[in-house]
Structures are given as structure tokens and as C-alpha cells.
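My questions will all concern the structure given below.
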Amino acid sequence: MPAFLSAYDFLLVSMVLAAVLALSLYVPLMAGQLSLASPGFYALGGYIAAIMSTRVFPVTGGLYSVWLVLLEMVVAALASAILGLIVGVPALRLRGIFLALATIAFVEILRVVALNLTVTGGAIGIFGVPQPFGTQIQYMWVGLPLLGLCMLFVARLERCRAGRALVALREDELAADAMGVNPTRYKVLAFTVSAIIAGVVGAISAHFINTWNSRQGTFDTGVSLMAFVLIGGSRTFVGPVVGGLVLTALPEVLRGLADLGGLPAWFAQFLRDGRLIIFGVLIALGTVFFPHGLITPAVLRRFARRGGGKP
Amino acid sequence: METLTCRFGGVVAVSAVSFAVGQGEVFGLIGPNGAGKTTLFNLVTGLTTPTAGRLRYQGHDITGLPPHRIAALGIARTFQNVRLFGELSALDNVMIARHVRTHSGLMSGVLGLPSARAEEHVTRQRAMDLLDLVGLADRPDEQARNFSYGDQRRLEIARALALEPQLLLLDEPAAGMNTGEKRALSELIRGVRTRLELTILLIEHHVPLVMDLCDRIAVLNFGQLIALGPPAAVRKNPAVIEAYLGDEA
Amino acid sequence: MNASLLVQQVLNGLAIGSVYAIFALGYTLIFSILRIINFTHGAIFTLGAYATYALTGASFGFNGLLANAALPLHLPFGLALVGGSLFAALCGVIVERLAFRPLRTRGADPLLTLVSSLGVAVALVNVIQYLFGAEAYSYPADPFGQLPMAVNFGFGGQAILVRTVQVIIFAVSMVVLAALTVLMNATRTGKALRAVAEDTVTASLLGIDTDRLILLTFVISGFLGGVSGTLVGLSVGIAGPYFGIAFGLKGLAVIVLGGLGDIPGAVVGGLVIGLVESFVPSQYIAYREAVPFALLFVVLLLRPQGLLGRAVVQKV
């Protein structure tokens, strides 16, 4: 077991963080809003952590304090919330395609800005982000509770009054409005929650991968997140989590297959490098065959019945 | 508690229409297709803003308010093409409309605070009561889209009632119903008006239903008000008869 | 400001802008007929550029599956351009059949089609990377033979130079604009296309072969994509497969600014963005990349129908 954990430590933590990030795409989607803005907040969170740990609280030797990491996550959450409100309030008056485009624009603008500011290290980015843990698998101490908390939060959100309002907006925004649900208020709420989640993941990720630059949290990331939610399931919080876990593991599994040998070289190479090809094709297939993803509330109900019914 | 006055100068669909609805009335709105009746409803509920004119409700000027604020003030509606939340259950559909009468925010809901849970319980109970009122209490968890057309219309009424409105706008509630259902609907509307002390504004094509239920009727044609008065008078109005000549009621 | 400097900047802006315009024309054509944003246009653009490159007989670099591969052809640039663009058109049609048609028949939300096109675009671009690696390529230096390298618009002794290829791009964009406008407004096919744009169902009830027209739309759009990819590659070089994605993103800004689906709007949008980029003061040159997106964001907030579009009224 320890050998497995250490061999796959990077992958396992990545899976968990991806699952949380997928939830950040899911929350606005509950209200029918396709927002590809999460990568932007993810980038912001990462920069905050990287800057704080390399410039504000530089560490001389040994490990960086976990408490400081948690502090960074709080700061990232606050910054993301504020930026989320600033961007969200005007942008969320847009619907459908227009909102998606605005969020894409937002991420690109942030990327270019990050590429050019000195505080973010310009094109090179920030290196040597200190580690709070000795081994990578220990990041699970932060990652797993974070995933658990976010899952719990979203699960409860789905069941409460505010969550109902979001779903009503998704089903029919006009009717929801006429029934007393303030669309802007709830869309901004969902967007801000999404921003906070993404920012927090960014903060911990900066430490996890030890470096941060403008290539983190880009349009590509958004496409991957879309794959997680679209394939995993867009109608229940379980979907994005499963999608994030499985689709992050998938390239590694394929890489393992490729390394097994016996496969033609071109196929093995495809298995190794074709992550985005696979995600892209999955997205295209998903929109046609699984518009609500693989894990739907119906699937969950069947699971529950089988678990509770048959002993 | 007083009257509703609407004075609209053209959106192109509605031109200088003006009338007042008294509290407790069942007020009918009829006219050939495209006369502007639904547009009028949209104006009253804030889905469209009038180009000119004012909307007054209970002594307040509510012109230009967004739909959710108007809902909060106690004006509820059903839609000409049923706009239920299809994926959600019947119960959920009705519970959503309790939104303005409840308060728990995101955090109290997510944290499961006692106040939120108590409120949730009350919401659920009220919603069940309303489903019972319209005769749909046997299938609360069924997806709204699976209901028959007639049942969907009743569900929409239950949803609108969940708002605890004082003014209820019904847009062709009897469309697609057979005679028996129409009679039941008529009973329901009368019952609801009395029990809940509502004022009702009704768009309907089925003339007997309108003549039977309404205290007063307004007739629209090409966006203009061509007649206003009790059913008997309107029925004999020559302008009304002419407007309907091409249109079988 | 110095007059000739001003003129130079304007001309530069128009040059950059017409590159965007050519790309945007194919992009907005699809939206005008089908009301979908076809993000794969960026990938088709890349495919066209690579196909033309291959058809000129040049070989591909060190990485990728097909490293050092080359076609046993050495077509002159003009023919290669046409061939590459036809290939791009073919790819566009294949994408339409495989990815978009199923969504159309299911009556899917345009948002879903956008999502699908994002996935397909990323997949295609990565396939190109897988096959040919991520290096930059450039076309042979003298594709048009005898033409001078630059045109001089100068006056009064000051040289104001614009590269010939940029003039050609501008000319092509104008020609395409004219051709598309004539097509849409003065031909029967154009009328049929506009009928399809209004309402596909009604159009087919009127006896219009909607399927064939949609195919035609994708052929034209793909061909334009290929042409623009090649011309851009000629002008600035092919910076690797991802330059199609970058263009795809910027193209969004162009077509929204001009008005989604508005064909002259694509050109107007492209030229405007090009001019704005050209006039970015030198100390902010690094932020030039962000200009299209900042403009996109602002336009979406203030005037989503774009400069030339009509405001859309939603029927309740």
C-alpha cells in the first residue's frame, strides 16, 4: 500500500484537486450558467499563494507552515470572492453563449495580465514555492478535507431553498423570476461560490506543483473542467466529482497501458500524449449521447434503491 | 387591498389600454388571437416594460419593477404555454414559489440551521396542501414534465398560489381541457377566489367559461380596448361581435 | 503626432485587422445561417495552413508522429493554397456531419453546440500536434514570385511600407466580403440560405434542401478558414498548432464586436480590433494580446449585438 501511494502520490492528489475544481464549474451550472471563469480564479488563487509564500512569508529552510497555507487559502477565497462579485454582477446579466464568451474573455485577460506583471514573475512565473509537507501524498491532509467539505456544501446546497432557486433558474429563468426568485442575485451567488472554490484550489495547487505561471489556469483548463462535468454528470454534485477523479486518472491509466508494451508505437504514443484529444472527443460525444453526463439523479436513485433494497 | 389600474400606451402590441380591476373581482380578458392579452399580462407581471403608461397596484406605482419584486408584492400568474420546471418534481415546483415568503439564506440552508430546517418543513407542508387543493397530492415526487397537459395547468395554478398572492393572473388556464375538466377548473377558480380572498384576472378563449365566471370583462382587439363591462353587456356589444366574426370562440 | 507615423499605424492596424477579418468571415457565416458558434473554425484554420504547407512539398520537423514527413508533391503556392483550403473545407464538412448534425437533429441548445465545438477544436489541434509536433513552420519565402516584398504608401519622401502579403490579405478580405454579400443578397442560393437562417423547419417545408445548404455553408466557411489560415501563416508564420486556438479565441471577439452573424460586421470588427491593437502605446505593448478580449468583454456588457447587429428582442 505505501508503495502504491508513493508511486501514485502526484496522481492521487491531482485527482482530488481536479474533483474540487470540477465542483466550481458545477455550481453556476446548477443555475444554468455555463461559466468558464473558474480557471481565472484558480490562477488568481495560485498566484496569491505563490506570492505570499515566496515574498511575504519567505521560508529559510525546512517546511513551510501549514497554517500559513491555510491562511493563503483564506486570502485566496476572499480575493476570488471580491473579484467574482466585481466581474459577476455585470457579466451575469448575459445569458447562454454570451456569458460563456465573457468568461472566456475574462480568463484570457487575466492570463495576459499575469504574463506581464513583475509581481507574478512575468513569463517565467514564480519558482520554488515552498512545501508544507515532506512528501506529496501528505497533501491529502488538505486535499481530502477540502473535497469532503465542498461535496458536503454542494450536496446541502442542492437540497436547500437557495439551491432550489438555482435549479429553477436553470429550468426556466423567466418563470423563476415570475415566481419570486431574483435571477441576478442567485446567479451572482453561484458565481461567487464557484470563484471561491476555484481560488482555494489554486492556492493549494501552487504549493503542490511547486511553481506557478500564466500557463496555469487557462482556456485549456476550462475545457478539461467542462469534460469533467459534462461526462461525469451535470445534474448532481456526484457527477463532477466522479468526472474529475476518473478523467484525471484516465491519462495515467492509458500511459500505464502504453508502457505495458506490445502495442504499436503510434498507439502507445497516442495513449501517452493524447489526453486533450481524448477529452475533446469525449466532450463532443458527451453533448450528443450524454447531455447530462453519466451520473444523473436517476442513476443515483437506482444505486440507492439497489443498496437499500437488496440486502 | 384596493384596485389595480393599468394604463399602457403602446408597446406595439398593446395600445393605450386602461382599466381598473376591483378587489375580489374575477375580471376576464378576451379577444381574438394576437390581440395583446398575454402582452398585457407580461406588462402587469413585469416581464415587459411598458413604453408609456403606469401600473398601479394597491395604491403603489409598480411600473418597471422586475418580475420577482412584483411577485413579492403579491401578484402571481400562470403562463399561456405552461412554464413549469419540467425536470423538477411537482412538489418542488410548488415549493419554489414559496421563495418570496421564506427567508433562509444560503449559509443557513447549507449549515442546516434549525431555523432553516423548520422553514423547510413548513414550506413542504404548505406545498403539499396546495397540491391537495388542485387534486395532485397523490404524485408529489413525479417530474412535472410527466403530467398530462390538464394536470400541468393545475400544477401551475398550485405553484402560483404558493406565492400567497392577492392578485392571480391566469393565462388561458382551460386550454386543452375537456368539458369535465373545464367545469372542475371553474369550480376551482371560484373556490380559490372565495377561500383565499383573491382578485383574479383571467384570459380565456372559451367564452362560456368567461361569461360564467367573470364579474366584468374587457375585450381587446389589435392591442386596443374595445369594450369593458359585465358579461351580459359585453356579449351584446356590436364592436365585440364584429371582432369575433372572423374568430370562432 | 507625425502624419506619416499615423498613417503607418493606421495601415498596420488595417493589415492586422484584415487578417482577423478573413478569419471572422467564415466564423460569422456559420452563425448567420445556423445560429451556432463554431469554435472548430480555429482548428480548420490550422488544418488549412498545415495542408497547404504539406502540399508545397515542405517537410515537417522533428517531433510528432509524422516527423520529417513530406508529400511527394511540390505544388506552386497558389495551387497549394487552393488545395489546402479544399482540404480544410472537407474537414469542416466532416466535423459538421459527425459533431453538429446529431445535435441539430436533437434540437440541442446552441450552447451545447458551442461546448461540442470547443471539444472538437481542442481534439483536432492536439491531433495535429501529435502528428506534426508543436514547432513553428513557415512557407517558402517567395510564394508569389515577382511581386515586390512591400508596397510603399509613402508621400513627401517618407516611406510608409506595408508588406505585399498584407496588402494581398486586405484585398482578399474585401473580395470575400463582396462575394459573400452578393451571394447572400443577390442569388437564389443566398435567399435559400437566409430562409434556412430564419427557420430551418419552415425552410424545409418550403421545399428547400436544408441539408445541402448547411453543407454548402460549411464548405464555404471551411474553405475560407483554410485560406485565412494559409494567408496568416504566410504573413506571420505558423506558430504551431495552437495558433489556431488563439485565433479561434480572438475570432470570437471579432465576430461579437461586429455583430454575430453579420458578414460586413466580421470585417468591421476585425479592422476595428486591428486598429485598436495597432494604436496601443508602446509601453503597454505587452498587453496587446489582451485587447481583443477586453473589447469582447466590454462589448458583451454594453452592446451584445455588436456594432452592426440588431438588438435581439426576446419573446416571452
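All chains are identified by letter, namely A, B and C, in their written order; residue positions are counted from 1 within each chain.
Going forward, a contact is a pair of C-beta atoms (placed from the backbone, for glycine too) under 8 Å apart; a residue touches a chain by one contact, two chains touch by 3 or more.
What you are looking at is a predicted structure, and each value in this text was computed from that prediction instead of being measured.
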{"item": "Reference chain C; chain at largest CA-centroid distance", "value": "B"}
{"item": "Closest chain to global C-alpha mean, per-chain Cα centroids", "value": "A"}
{"item": "Chain A and chain C, separation of their C-alpha mean positions in angstrom", "value": "31"}
{"item": "Between chain A and chain B, centroid-to-centroid distance (C-alpha), Å", "value": "42"}
{"item": "For chain B paired with chain C, centre-to-centre distance based on mean C-alpha positions, whole Å", "value": "49"}
{"item": "Residues of chain C touching at least two other chains", "value": "316"}
{"item": "Contacts with 2+ other chains: residues of chain B", "value": "47"}
{"item": "Multi-chain contact sites of chain A, meaning residues that touch two or more partners", "value": "174"}
{"item": "For the chain A and chain C complex, residues of the former touching the latter", "value": "34, 90-91, 93-94, 96-98, 100-102, 104-106, 108-109, 112-113, 115-116, 174, 219-220, 223, 226-227, 230, 266, 269-270, 273-274, 276-284, 286-288, 291"}
{"item": "Contacting residues of chain B [partner chain A, same complex]", "value": "45-47, 66-68, 71-72, 76-77, 79, 83-88, 92, 95-97, 99-100, 102, 104-106, 109-112, 116, 119-120, 123, 159-160, 162-163"}
{"item": "In the complex with chain A, residue positions of chain C that touch it", "value": "37, 65, 98-99, 102-103, 106, 108-116, 118-124, 126-127, 130, 245, 249, 252-253, 256, 286-287, 289-290, 293-294, 296-297, 300-301, 304, 316"}
{"item": "Contacting residues of chain A [partner chain B, same complex]", "value": "153, 156-157, 159-165, 167-168, 171-172, 174-183, 189, 193, 235"}
